[in-house]
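Read from first to last, the chains carry the letters A, B and C; within each, the first residue is number 1.
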């Protein structure tokens, strides 16, 4: 067949169980991907999530297992395969450069947790970030 | 009126046997009677629904031109923006947020005369397969209130399954229309990616999300698709492909149609009940004149990890905007960094946080090529695999889910096991193809659905086969034991 | 401070320029880009990043981007992709910016172009690394009380405004070159109608990367310099940074890779309290936007539609009108100035005089008053008329300068000014002879000095004649008459 880099699964008639190869069940290997605490902290900071101790521990373990499962993709040789960013084959979708009505300001600010003189109001935005 | 299809109700409305007000009133009464137990709805718009109904009363009685859905009560998954009414996405972080604009599908449905009765429950930001991840409590399966209705469009599926409304809109990123449709015994259609505008759909995974109908019958699904499908200048990913008259395809039968069964879909992990029901369904189609043959989809086992890398990566970016600045929840703090992190800490549930973490990691420096880009390449292989299979057949048939509806609480602790519920639906989103779930039997008293998958923008063939099957079988006429009168 | 010429180090400068494109609506939505509206009145679900909103690309922004890329002789890529640049900041509504990243799989709009720096000796080629499109962020202002920031305020009117980013190769070798480059780039952008290019108004923004190295060695550690709000401050900031790095290196101290802000008042760069070190932007292709395809025919059509570019115009002025490279560069530094020059030439075909007066007296006036040429109440025919009066000897050089100022101020024609103020140059032999005689009679000292061989004495005497005639004497004639009288 035309696909590159696939291992052909042992052909089986439909309706028979197949113990390995083409299984869709999640089988985990020997725990090779570990997400350490430092990584969890870095990722949490990038994602602006303030996680509890408990969550950090739990995520370290769960993410490790999920990522290990995702390592299954390494079984496929994708060196000659283009990545898909869009499943739809279109290009040059544009709008004309014309002004359209904006939202009325009270609609814009209606859901604002805080606003002042037409601006959204937030606590001081300082350049530095606290280090963990 | 409970359990009737919209098509039947439209007939009654046109013949002036019932009025829109009576219909909406019946829907509201049904909601009052059973939704306390089912919890399909997060919000119900009584006044606006009744006032819209009164307007349509007048137009029907005067014999004005009636658009295709006039007077029909519908529900919308609470991830679709409705101007003036709250849209929570099942999340505390958007609790009480009222969008200042309508999603394109809402504009189209309103123009078609549909009456929006309320917004339905969902897994938070559409992330889940059971509707247990909603910040506002789970929805229950009308067939067994101790079980989940599936997810993430569990509220929409339950609303239709329990006869509260004949039509609901859901969204499907990895199976979130088809899997709950299967669990609740209704029809659920995920259109081809790009068939329906995503403008106003709060994004989870932008290259996978699609809006679609959950209905009691295939004819209704065709009707709704015809209204919501089509090009939209507000959505750059909405295709400029003409929308056919789907009704025309429905009575053509399946004589000579070729249907492929992927051997990889019938291996480990598939429940015997489900396997039997799906295979029987294919026999029915053979009996109606279709030719069923075995094909291979060798990339199928790779779909789940591909999806969980791509969908979570896109989601981690799409959900970055929830930070307390402009709308929604804000947790007070002395500086902006603390405001962001505490708002998101309190506003997001554990599944959402988990996926944001996973997606952020997969995109981060050093991991982008090995995870995200790799997954995008495998996605190409999966799409090619499906298109190759569909070049020799007209449709593919597959289970919708490996099991029937599981119990509330059964899988919540193990995310990986929960992800497995979408193993047959996810590949279809990755390939960007249309897929439909239709009731095909029962296992342990619970509905089983089977899935048909079509070529890009060939919903007509999909609906045609589904309709033929539906007409030849009794499943669609069954209803849950939930005070049905 | 040792002069740069004697420094053992070579200065290496690269520039990142953000250009606001001349469109009427935003990059991804129909909101107006007009300046000066009340806060949050030019916003919509898309540029606010509301849940469910989606971007749609402004066709004109792409056209202007292609136009710029062609004018900068770049390779315009057949297909380019937008990407998401993910970071958190309150002026960024979605907490990601839609931009274009350079990645092995997806190129940005255009790469690998060049701009030639007009230098008097030989032009230097400055490489353009890439040109890409992106959306602007909103504006953040801080509310202070007692010197402390108490809260911050956000206006999203600017969010989504179309920007084009131009990144140069690190080919600039001095702050002066950077200044010159920016002037030329701005002239180019104005000439092709892509941007108004005003640093002071923020339609052109510049960040610079500066490092030092010994000639022939590897590139040194570079610092990024931000917050330079005029061409002059770019030059001063880069000079300061170069000198600062030089001092560090001379003392064997390392240059720290960091971002520094220019303080125009104190005239120093200072390390900004940095955001997260080495930001991880997690770029990935924007799933909501399909690729932009530009076909060769479109590139050709764009090239054919470009007006004469400032570079070509500059070379033409050097060739046809015999201007020096510097003068030609000055005259072509803005499209308006170049047009003014050409139209003046039509009425008064003396390019050297026109260029010298335009780039000399007129530009000095503009700088002193902080104005732009197009704001003056004069036309090219005004300047041509003034130069004609000067050329014919009707007025003296000094008078001409005074008349120019009044003309620039009031818009009154030079002929009328000369008439009404009685400024006609005195060239009447009899009248001048009279004055010369009077001057000679009251300055016997200088007369004697001159006859003794001191040439300066003559200049003094000419000055006296000018003073006695309120500057209206024809200086050449006055000199001639004096010499005759002095018997030289």
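Basically, a contact is a pair of C-beta atoms (placed from the backbone, for glycine too) under 8 Å apart; a residue touches a chain by one contact, two chains touch by 3 or more.
Just so it is clear, the model here is predicted, and its values are computed rather than measured.
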Please indicate the chain closest to the centre of the assembly, with centres calculated from CA atoms only.
A
For this structure, I'd like the pair of chains sharing the most C-beta contacts.
A-B
Intercentroid distance (Cα basis), subunit B paired with subunit A, Å
21
Where subunit A and subunit C are represented by their mean Cα positions, the distance between them in whole Å
45
Rounded Å distance, subunit B centre to subunit C centre (Cα mean):
57
What are the residue numbers in subunit B that touch two or more other chains?
97, 100, 207, 233, 236-237, 316, 320, 323, 325-327, 336, 340, 360, 364, 373
Residues of subunit A touching 2+ other chains?
46, 48, 82-83, 85-86, 88, 90, 93, 95, 103, 108, 120, 122-126, 129
Which residues belonging to subunit C are in contact with no fewer than two other chains?
45, 48, 56-57, 88, 90, 105, 152, 154, 280, 282, 287, 289-290
Could you list, by residue number, the parts of subunit A that touch subunit B in their complex?
1-3, 5-9, 11-19, 22-26, 35, 39-40, 42-44, 46-51, 55, 59, 62-63, 65-67, 69-76, 78, 81-88, 90, 93, 95, 103, 107-108, 110-114, 120, 122-126, 129-130
Considering only the defined contacts, which subunit C positions touch subunit A in the complex?
23-25, 29-32, 38-45, 48, 56-62, 79, 81, 88-90, 105-106, 140-142, 149-156, 272-276, 280, 282, 285, 287, 289-293
Residue ranges of subunit B in contact with subunit A within the complex
97-98, 100, 193-194, 207, 233, 236-237, 239-240, 261, 263-269, 275, 279, 294, 296, 298-302, 304-306, 308-309, 316, 320, 323-328, 330, 332-342, 344-345, 348, 350, 353-354, 356-358, 360-361, 364, 371, 373-381, 383-385, 388, 402, 415-417, 419-420, 423, 430-432
Interface with subunit C, subunit A side, in the complex: residues 45-46, 48, 82-83, 85-86, 88, 90-103, 105, 108-109, 116-129
Complex interface listing, subunit C residues touching subunit B
45, 48-57, 84, 86, 88, 90, 93-96, 105, 152, 154, 280, 282-284, 287-290
